[in-house]
Structures are given as structure tokens and as C-alpha cells.
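Below, each structure is written out as C-alpha cells.
Common to both upcoming complexes is chain A, partnered first by chain B, then by chain C.
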Partner chain A sequence: MKDELLLKVDNLSVRFAVKRGGGWRKKSYLYAVDDVSFEVERGKTLAIVGESGSGKTTTALAVARLVPAFQGSVDLEGEDFLTLEGDKLRQARAKVQFIFQDPYSSLNPRLRAEAIVREPLDSLGLAEVDEKRAIVDRLFKAVGLRPEQQRLFPHQFSGGQRQRIGIARALATQPELIICDEPVSALDVAVQAQILNLLRRLQEEFSLTYLFISHDLGVVQHMCDSIAVMYMGKIVEQADRLSLFNNPLHPYTVALLSAVPSVDKKRRKATRRVLIPGDPPDPVDPPAGCRFANRCPVAQPRCSESEPPLRDVKGGHRVACHLVDESAKSPMS
Partner chain B sequence: MTALLKVENLRIELTTRDGVAPVIDDLSFEMNAGETMSFVGESGCGKSMTALGIMGLLPEKVGRVASGTILFDGEDLTRVSDARMREIRGNDISMIFQEPMTSLNPVYTVGEQIAEVLRRHQGLGQRAAWEKAIALLDAVRIPNPRSRVADYPHQMSGGQRQRVMIAIALACEPKILIADEPTTALDVTVQAQIFDLLRDLGRETGTAIILITHDMGAVAEMAERMIVMYAGRKAEEGPVDQVINHPRHPYTKGLISCVPHLMANLSEERPELTEVGGIVPGLREFGRDACLFASRCDMVNDKCRNARPPEVAFKGNQASACWFAEKV
Partner chain C sequence: MSVEDEKIEKARSPFSEAFEMFRRNHAAVAGLIMLILIILAGIFGPMVYAGDPFEMVWAPFSPPGQEGYLLGTDYLGRDLVSMLLHGARVSIAIGLSAALITVLIGITVGAVAGFYGGLVEEALMRFTEFFQVLPTLLFSMVIVALFGASLPMITFAIGVVSWPAVARITRAEFLRIRELEYVTASRASGVSNGKLIFGVILPNALPPIIVQAALMVGSAILFEAGLSFLGLTDPNVVSWGQIIGSNRQYILDASYTVTIPGVAIFVTVLAISLVGDGLNDALNPKLRQR
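Then we have the complex of A and B:
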């Protein structure tokens, strides 16, 4: 079972039609996800990080078929998830579940906790009535909620408890892949720790595979096995946890990591803060070359001429930067 | 040197349906010009209330200063008239609020909004105020300030809007700037720019900064001193490095160790995060004669449940309100 691929995403693009001033009824497209490919092994966690608007959520939604992909394929346990239909689709849907950022708005306020957790079983027609009751009992236990809390409504729970309900709901269909989109961002730090520990325990117990989106790099470092860094719809760097944090190569990744404030004095001493000026360019009209070129401290003329491809520079460490070669040295060092 | 701001035994009460509760309960601290002080703690601990108390902006009819003093440059802000307080707010103490999107007016350009503050508080003319607004946008590192000054808030990114808020707060060259979670909604790369800006500001103008945050990393990078709040009370206070290296309150210790921090030496090992069970007590619990952290504390004993712990002082200006502070 080891090293078995669970998810393989190839050349995935998602575009949105946007109205823009200028030509009469001119239709433009915003490529929120632009030719993105990655793989995740069963039982592992791939984190997606990157600036707000870089396409993390849209990537996740497209993988779960919650927004239509414009191009590309999503291979789930050897089947192309994006083209499945009917019964096959229903079965595949059960394998992919979502945990949302906001435990307040993602739960139906009129349903009791027990009904919320049972809902995916109902809608996918997955189990008999008493079977469902037993499953819900087990799930409540697995996420650390008490049996009598099944009868309560969402507003009667704390934020952390509501996120536990969201996790129980995601587990109901015995999924293979759980997509966590900022699962702890709305929670207080003390509660965050409980949920992160819970997610890791559940991963062990059920060999779950996670696609984990977070803007908190400390959390990402703690949770992931590998990381993809997105910038304006593209993956600009991807590597396993140690390579990415110990040897970030793309100038954007270097700047991103250097910006994280840390309590670790050693780290503060060791990292030189790299400030990147300005804002990302208009996503509807991306520049021709490297999309980071206008803010990149080491950009060369060729950076704004041709787009650097994402390529493997060293043992699976992939980078899209003209200035990184097989020596795997960051141009920023 | 006498302190720029000296808060003594401050008690702020909120009147709610459940009765009257001390949302700030016997808080004392002082800070000097040019100093950066950080307030940390979980949601609902009273960080924003402290700031609003100093600004004289407590929620009307609900909140009031019940006792204690807030001495600013020798003047007791709890006793000044409303008119005088408005003057101080405009000229000496300004605040950046938790939600930048809601505090800018969508129908005026950012230039008009900055210029308005300058005209009102510094008596500048139309022309001079506009020029100064451009200079301020430049100071907060908005690129092309001369053309961006005529932008409406919605034409700017979240980080730029927050920088405009800072420009407005700086317009009157305040002696104290209170920043309440100024970067919570922003990307870390933008947060780094804003922090840089605030640091320069402190250094160049001697403005004292009160930074409210829940991020220990931010505290470590930004502040010299810190106060950990819990349920309306000061749990711990001291120099930042000292408190982080050797917290003297179980709550501080929990706050530091429950977060996965980016570390210099990364290894394959990933131990479970420390969990601090339970949650911050509700307002109804505030004010009880007990340690309000007792229900979540792993050092708790009967004494903690029955009497409020006094503040224990340690070397190097550190202090902790815990019955067992020496043992932490």
C-alpha cells in the first residue's frame, strides 16, 4: 500500500468569465487556476499555500468537482473523477469530502448536530437507518463530542466544537480524500491545537489523505508532508516538507517564508527579511513572462519575456524560475 | 522619565442582560514614549476593550470606567470632558481598528478622507492638506501616491486599504498609536510590510505603539514588552523575550506551546501540539474571586478556585498573577 498514488491532478485550469470596462460587451477570462499539476500519495498531506487570490480554494473546489474545470483531469484512485456520471459519480463523490474554514456558516442552523453529520449519508443514499445511527455514534466519539450533544443545534456549540461537527460530517462517507480549506483559521489558538491534533489522529486511524490549505505557515509546517506554493493561479514551487522549508528556491517562496514572524530567536537571526514591494498584477491580464517578475528582487530581463516552466530541479523539488538550475540554489541567497 | 501612559487599577464595567460585569478588572500598566507594548490573549479576553477604554470609545450606555485612572501626559483621561477627549483622539492618541474595510468611507476618495483629518485637527488649508495626504500615502509605501490619492477604497487591495488606515491614524502625528489586530486579514508578505512601517514609525517619530494581536510571533518581532490578558485581567506582563523564554503563568505557557511555530531547525519529528482544554469564560464569569483560568489549568488546586491570585513580581520587570507562579 505504501507510496500508492491516491490523487493525480494534471494540467488543471479553471477560468471565470468577468466583465471588464473597455470594448463593448467584451468578455474576458480570469484563469484562477492555470495549468496546475500535482500528486498526493495515500495517507499523506499536501499543503497548498500562497497569497490571497492565488487560486488555492478554486483548485480545491475543482478537484472536488464543486466548480467546473475548464481543462485538465483529476485522477482519483485510477479513475478520471471529472468525467464520471451516475452511480459511479455518486460512489466517487463519497470518497472526497470538504472541511470549510468557517464552522459558523457551514452548518445548517436549523438542523440538530446528529442530522448534520448524517446528511452526506442521506444524500448519497449510503446506509440503512439503524446503520446510520451507529455510524453517527461512532463519528461523534471519533471527533471527541459526547453522545448527548447529538441533539443540540449548531448555536449551542463553541467554535471548536462546531469544527468537530464539520469534521464528523466529512468523515461520514468514509472518504479517502479530505480537503481542508483553512480549517483552523477562524479558531482561537488553543482550540486550533485541539483540531490539528484531531486531524492528525484521524489521518493515522483511517489512512486519510489531506489536501490542506492554510495561510499559516507554522500550521502547514506542522501538518504537511509536501507543499505546493501558488502564485496567480500557478504552482511556482513544490517540494517535500524538509526541502521546502530548509531550502526554498523560488524568490516568492523565500520572501513568503521570510515574512513569517516567529518566536524562535534563532530563526529570526537566521532569516533576512525580504520585502516584496507592490501588488500582484491584474489576474485578468497576466504578464507574458514570469508572473512574479514585477515584484521579484532578482528579476532579469528574460523573466518578463518568457514564462519559466515548472521543472524538477532535484529529487522531486519542482520550481518555476529561470534563475534556478540543477544545482538547486536559490537566486536569493 | 515619567511614563507617557500610566493606567492604574482600571475597572471597566459592561452592563448586559445578565447584569454588570467587569470586562476590565483591576488593570495596571505603564508605557514610555517610543515603546511598543503588545496585548495578547484569546478572543474575548478584553484586549479591544482596553483599547476602547483608553480612547474613550466604550460602547455607549453599555460600558463605563467604574474606577481607576488613565494618566496620559499627566492628564487623567477618565475625568476629562468629551470635547477634550475628542481633541486628544484627533491629536495625541489614534487607533487602527480591527476591521479596515468597514472603517473607510466608500463614497470618498482616500485622499479626501486623509485631508479631512488634516484640516480638522491640524487646521491645514485645502491645498496643503491634499499635498500632505500624498506625502502620507508615500510614507506608508503606497506606490504612485500622486495618482492613487484620488482612488476610492474599493479600488485598492486589502493591504493598501490598511495602509491608508495607518496614514489616517498618522495624519496628526500621534504620541500613541493603538493598532488592534492591524494585519489579521492580510497576507503575511503584506503583514511584513505593515510591521516594517510601524517599526520605522516608532523609531523615527517616537510614537509609542500598542499592538493588539493573538499572534505570539508578531509579538516577538514587534514589541519590547507584552501583557497577556485573560478574562479581563492581566495574567502576565514583562519583556517579550523574557516572557517567551520563561513564562511565569500557565496560560502564557499554554498560549506559546499550543501553536506550531516556524522553527530554524526543522526535523522529521512532529510531536502533538500542547492542548489547552476548554475555552475562555463568558462575561458572566468575569470578576469572580478566583483564578479565572482555573478550569483550564493543569496546575490548579483549591486555592485557585477560591481566591484571586495576587500579582507576583519577578526579576527584570516580569509579573504573573498565579498562585504558583514560582513553579511554572
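Then we have the complex of A and C:
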């Protein structure tokens, strides 16, 4: 059971057509996700972090077949999820469920809580009518809601309770993979902790696999086994949690980590605040070299000339930076 | 705990909350009562107040109140009360069924365009615009003139010229709602496209469509009145517009023959508008708790 590969994403790209200017000019494309590959083992959590617009949510949506991928493959238990069509696709959706960012818009306001949680069961025909009640009862209990709350409508719940309903819905099909798209960023801090603890407890209880999307490294630190950092549609660094937090290599990761407030004295001393000036470049027309070069404090001429490939520098610690060599030292230190 | 229990006790659906809002709107309730009275008059009036509305019962142009003829007689000596009651049936029936046609075509076109987007949307909206730029009265006159002035054809003509508004509202709502996360969530739950359109998005898109449909009943009645005034109507059936149309030459000599059915149309459309506005306030969450 250990180290069994559940999800293998290879060279995934998602592009959107954008119209620039008027008239009959050629369509240009925005590569929201550009040639991204990663793997998740069963029972583990992979976090994808990055700033807004880095393509992390689009990656999640593409893995779940909620936006069309331009190329690449999403291998789930040996089957390419991206090539499925029609009824097969609908049935396969039971294996991949989604927890959404905004608990205020992710629940259908016309349905009672119980009907929202039951929806996947109804549409996929996963259970007999008389079983459904029991399943919904169990799910409500599992996420910490009281059975009599099943009759309420979404607007009668608080943000945290709504997110619990969203989690119960995601659990309904007994999925292999749950994609959490910033599940706590819309909640206040006290509730965040409750929901994160709930997610961890459920992971143990049902041996769930999470793909956890977040911009908040503080949250990620408590949730994941490994982390991928995305910048402008590309993974710039990928490692297990400890290596990434203790030895961040990519200048962008270093800057991200320095922005995490910490009460740990040692770490606070070790990290001085790294400010990265400017904005990301135009995503429709990305620069030729490293996409971070124009903001990188240690950039060299070659950084804007050729794009650094994502390569393994030390036991699975992968980074896309020209300046990191085999000694696996960050150019920032 | 008790507050919580009370909340569960009152686990009302959004629609029942809207009903509560509507009930508190006095103008809308007044409109609804007027409308119900008019509909009841249309249904039961002709049974209680028996008699053929086309029959000559008294001297022509006798003003209201004479010889037991409450509203007088028209230029052929026909009883205006009887005509008004029979006309109510026709006018309201045309209003309702034309609005129904409008809503059915409009929702189908708007929902498909808004849901699928892309080329489908482009094609359907150009098609809608084609209907929208035609002068409505003229277009419906052409239909009636070509295919005959029967009641179903008049209803059809009104429906065909007025659906673009509903289609555009439906499309706009679909464009907004299809991007919301609960639709994505339903899709992730394996809900099929048909169920997404009619089971998930449409119920949430209904409020503005209901309001538009209610107002559409009023405008369809006006439309029918306009067509009958121009003589494009079934001569064997009384409608309010037709009473006005047939008496229009005598508007200076016997103004009441035109005024009375005019007031009937005015009051009915006013009642429908009040109900429509009340629905709008009740169904539009932004105006709640105002």
C-alpha cells in the first residue's frame, strides 16, 4: 500500500484564447498551465502553492476535467482521465472530487443541505434510494454537522459550516482523490484551523489523497507531505515538505517563505524578508528565459536567455533555476 | 440551542421567503386581488350574466345606466357588460398563452445560448437579434394577415415577436450562473448537461424570468388590443381591443363605448404590472430587507 502511485500528471498544459485589440488580428493564447508534471502517492497530500494567477487553480480544474486541457495526460490508477468521454467520464468523476474555495458560491442556494450532499449519489447512481439516507447521515456526522441541520438551506449556515457541507459532498462518492482548491482562504482564522483539522482527520479515517491548492504557506505547512511551487504556469520547485521549508532553492520560493510569519525564533532569524519588486510579466507573451528573471534579485544575463529546465538536484528535490548547482545551495544564501 | 432549533423549524425554501416578501408588499397584493377578480369575472361572468354578446338588446348608443343596461350599448345596440365579460376571457387567455409561448421560446433559446457559448451562442443570438430589430407590431400584423386572423394565430404572432427579451434575460442569467462554483460542483458530481441546464441553472435563473413573464402578460394584452383595434382579429370573438376597434368611429358621439373597454385594459395591465413589480422585489435578493 505504501508509496503506491495514485495520480501521475504529465506535461499538462491549459491554454485560453485571448483577443488582443480589435479587428482581425491573430488569436493569441495564454498558457495558464504550461507543461506541468507531478505525482501524488495514495494517502498523501501534495500542495501546489503560488501567487494569484500562477495557474494553480487552473491546474486543479484541469486535473478534475473541469476545464479542458490543451495537452498532457492525467493518469489516475493507470487510466488517462483526460481521454474519457461521455458516460465513462461521468462515472469516472466519482473518483475525483473537488472542494471549492468559496463556500458562499459553491452550494446551490435552491437545495437543502441534505440534497446538496446527495447530489453526487443521485447523478452517478451510486447507491440505492434507501441507502442514500444512511450515507448522507454518516457524512453529516463525519464532517461534524448535526443530523437535523440536513433540512436547512445554504444561506442558513455560517461559512465554516458551509465548507463542511462542501466537504461532505466531496466525500459522498468515496473518491480516490480529493482536490482542495484553497478550501480555507475564504474563512476566518479560527474556522480555518477547524476545517484543516477536519480535513486531516478525514484523511486518516478514510485514507484520502489530497491535491491541496493554496497561496498560504502557513496553511500548507500543516497539511502536506510534498509541495510544488508554481509561478506563471510553471512549476519552479518541487520537494517534500521538510526539504522545501528548510532548504528552499529557487529565489522565488525563498521570497515566498520569507513572507510567512513565524513564531519560531530560529527560523525568524534565518530568514530576512526578501522583497521581490515589480509584477509578473505578461502571461500572453512570456519572456524567453526564466519567467522570474525580471524580478529575481540574483538574476544573471543567461537567465533571460534560456529557460531553465526543472531538474532533480538532490534526492527528489527538483528546481528550475540556472543558478542552483549539484551542491543544492540556494543562490539567495 | 433554542435559537438554533427555531431556525430549523423555519427551514424555509428561498421561494417561500420570496412569498413572504410579496405578501408584505401592499401594492402587489392589491394588484393580485384585482387580477384575481378580473380572472374570476372572465371565467364565471359569462355564465352568471348569460346572453350572447353579439345580440342586439336595446337601442344603439344608449348611455350607461339605462333600462338595466349598466354600461349602456354600443353602435349596434349590444350590451357592453356582456361584451366586457366575454372579452375578459379572450383578452386574458391571449395574454397568458402568448406569454407562455414567449417564455418557452425565450428560455429554450436563451438557455442553450448561455450554457453552451461559442458558436452556438453566436448563431442563436444573431437569430434573436433578427427578430428583435423587426418592428413588432408590423411583423405580427404581417403574420396575422398572411395566416388568418384566428385566435391561435394572433396568440402565436404575439409570442413570436416578443420572445427575444426573454431569451436575452435568460442568456444573461445563464452566463452569470454557469460560472458559479456550485455549477462546477454539480458538473464534478457527474450531473449531465441537460440536468445542469434545467435542474441546476434554470431554477436559479428563474426570478428575473418570472418577472419578465408577468409583465409579458400585460404587454400581450395591449398587443392584442392594438391588433384588434386595427381590425386584425377574429370577428366572431369579442375581445376588449375589438370593442374599441369596432366603436372607434363613434368616439366623439358615444365616447363611453371606447372608454369602458379602455379602462378594463388599463386596470388589468396595471394590476399585472403591480404583481410583476412585487415579484421583482420579492425575488431580487438585493432589494430584500429594504
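We take it that the second predicted complex is superposed on the first by the 322 of 333 C-alpha atoms of A that agree within 3 Å, B and C clash if a C-alpha of one lies under 4 Å from a C-alpha of the other, contacts with A are read in each partner's own complex, and residues count from 1 in each chain.
One rule holds for everything that comes next: a contact is a pair of C-beta atoms (placed from the backbone, for glycine too) under 8 Å apart; a residue touches a chain by one contact, two chains touch by 3 or more.
Just so you know, these numbers come straight off a predicted model, no measurement behind them.
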item: When chain B and chain C are modelled together on chain A, clash or fit; value: fit
item: Chain A residues touched by each partner, larger count belonging to chain B or chain C; value: B
item: Contacts of A:G78 with chain B and chain C, given as first, second, both or neither; value: neither
item: First, second, both or neither for A:P301, with chain B first and chain C second; value: neither
item: Chain B versus chain C as contact partner of A:L257, first or second or both or neither; value: first
item: Which of chain B and chain C A:L275 touches, first, second, both or neither; value: first
item: Which of chain B and chain C A:G315 touches, first, second, both or neither; value: neither
item: Touching partner for A:L242 - first (chain B), second (chain C), both, neither; value: first
item: After the two structures are overlaid on chain A, angle v-u-w for chain B, chain A, chain C in degrees (C-alpha centres, nearest 10); value: 80
item: First (chain B), second (chain C), both or neither touched by A:A193; value: first
item: Closest Cα approach, chain C to chain B, once both complexes are overlaid on chain A (Å); value: 9
item: Overlap of the chain B and chain C footprints on chain A, listed as residue numbers; value: none
item: Chain A partner contacts - residues on chain B that touch it in the complex; value: 42-43, 141, 143, 157-160, 187-189, 191-193, 195-196, 214-222, 241, 244, 254-256, 258-266, 268, 270, 272-277, 279-280, 296
item: Complex contacts: residues of chain A adjacent to chain B; value: 51-52, 158, 160, 188-194, 196-197, 200, 215, 217-219, 221-223, 241-242, 245-246, 255-268, 270, 273, 275-279
item: For the chain A and chain C complex, residues of the former touching the latter; value: 61, 64, 66, 90-91, 93-94, 96-98, 100-102, 105-110, 112, 119-120, 123-124, 148-149, 151-153, 155-156, 166, 169, 172-173
item: Complex interface listing, chain C residues touching chain A; value: 5, 7-8, 11-14, 180-182, 184-192, 195, 200, 203-204
